[in-house]
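Let me begin by presenting the structure, written as structure tokens, before commenting on it.
Labels run A, B and C following the written order; every chain starts at residue 1.
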């Protein structure tokens, strides 16, 4: 059943805040980032519009990219009239009761921490109950680029971001806790100029497939938001020649068919599409494909 | 409830096609493989006979073994009167819309691709909806033997194949998508002369245990078909001295109690049974043991 | 619903055996360990007291710590009047039908085996059906300290044990097989003098948080008992600088946000809490946090 209206909070009725662009400004190795917590409708499927709790009106939230060693000066503006929200970046070291503290409605909070470890990391609202805030849309990906790069940087011709997340019955913590996901989806965020930027909606990466050349090496930065499920990430018609677990250059695997990601795990996966044609990617937990977890790459003759 | 008759397609009623032997012929590094898609009854349990969608009348399908660098010339004969089927080998690079294309009823399709990466890989029918084709029985294992072997080849005295797969309510995509498996089972396929070759049925590897000598090093090629569940593969009474994730020699682990396999993951695991006696192996997700996922090894005095 | 009384066996009614201290005695590299199987009430939550099947009256059972190469002389005294129990240590090599054999009610059994491989291992009752014995409380952790230590031993200032386990409807194998866990919890066992020793009850590691100094390197020995679920172990506000899968020094990872543990998997994870404050740890499968899987570390100024 679809009963998304039932659990809408009174303060959120008729509220649909326009997406707010991510603000990023760099001064040397200091990076000033501003994000919002806001309530924005996301059309997960033609029959399921979700009044999502979001960062910046996107779910997953905007992609954040910094360099290893950067000092992040992060500001969260909480535009939600109904409750506190917060930000937990998996990429940083901070005391959560201070660095990831709640920001009340209509207030701003600023937090400073260093991105000391390279990789592909989850971020999310950590306000209690975190399951509800994550499942309602408050999650995203931060990439911390390794100082020394990846050993395979020279081979890679093109790179993309792929994010997996689940959706449940609207704002229904009982369903989120004991049920199975209603939808499992992939989305992408623009890492380079001209790339698509989608929400985690059914068909996002079928309708806007990635475009590459046959024979070139492709890199995906993959991140699994959960909140509950693991991922078995796989690209049909190829193998991963190189894999870096959590995007850490030291955690190197080769020749993998499928990468298992725990809830909130990440990976860099690199592969080649040998021949021109259409290649789908999935979590090989095929019950989740049935619910939306499939995307497409089109490889053109080089 | 067992209501396996309800979802049988009209074209499949009273159809039970005799298993067809796998055809494999080698000319230098060219390997010519012929398989069938066919409808064959599999007795999963004394009370649950499943009119499976199969490769060659087996579920899991026949074991395919090639060498790294081989060119595979694969022919699929579709003997199913009711629908298209196809073949997706995780071991190869090909554009799926061509190399893994659908083969209509009563037709044959031939596809050519190279086995360029060594390991233990899943194969399966990829025809839409793949969840239904896999869960109804269309999956199996292909081993690509590494050119340089494994560093531990000289230590291994005996080797076997172990495959995990789930069964659901018959042909019931709603149950496959949202339910829990009805049975989770292990099977084996003959890798060497005289070895057993079973279907994925309850008790297969209890009734036909593997036989080894105490003290010798054993290798298992393990593959998890899913379609939905991960595996936590474990042999009771020993540890894995060496593990190669996805069977790739570069992905080496040591001294593991249990190997986590994503859906469609594989591994080579090596271990010694020190004393004569009976050793069971399981996925340590014990709800799945309760549903059939247990096999046995008998170690005799050396 | 809570109907824990319904499935209590007649022999267990009104039975609540006082916890029995673990007995450990060392002579050179021979370690003599005595444990009990006994029926003891565990208060999982204020509203859910569980007449657990336990080792020594604890669930998880007592922590066992030995050195790589030790010969374990293990005695199990079965104080349960109603049924056989047994002990399966993942750390040893033995024929399960002998070394892990059933011990009848009111009898003792003694078993000898070597701890030949270092790491963080599960132990559990293996009596059929093992799912029932594990889910009812018969599981725990054995640490085998590596002869050569870990490469990072010199950096570590403080270390703790963290164990994850699930609880289901009381003694209800149907719920354990097909349901979702009722509670997922963390516990700790004293590894050093003065450390807490808890059962796997809701809030155990919130009410008795670990205490550390900001800036020092912390090590957790983590073990996932299941019986059914994987873990996505994560400490909020930091990253794991070093990870050893299954606690085996050879299986080294760096810079991980989250460690995926299969059912019965273990790990050594090392990290630093940079600033004074409160840090929670979770399995990032947040449906399980909702059910109890959260603990706390307090970091004081150094």
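As a working rule, a contact is a pair of C-beta atoms (placed from the backbone, for glycine too) under 8 Å apart; a residue touches a chain by one contact, two chains touch by 3 or more.
The structure displayed is predicted, hence computed values, not measured ones.
J.: Given a C-alpha superposition of chain A onto chain C, how large is the rotation in degrees, taken in steps of 5?
T.: Going from chain A to chain C via C-alpha fit gives 120 degrees.
J.: Same or different: at the chain B/chain C interface, is the fraction of residue numbers used by both copies above or below half?
T.: The interface of chain B with chain C is built from mostly unshared positions.
J.: What's the distance between the Cα centroids of chain B and chain C, rounded to whole Å?
T.: That pair's centroid distance is 33 Å.
J.: Of all residues in chain C, which are in touch with two or more distinct other chains?
T.: Only 230, 260 qualify.
J.: List the residues on chain A that touch chain B in their complex, please.
T.: For this pair, the touching residues of chain A are 180, 214, 230-232, 234, 236-239, 241, 253-260, 272-280, 283-291, 299.
J.: What residues of chain A sit close enough to touch chain C in their complex?
T.: Within the complex, chain A contacts chain C at residues 88, 90-100, 117-119, 121-122, 126, 129-131, 134-135, 173, 176-178, 226-230, 245-246, 248, 250-251, 260-266.
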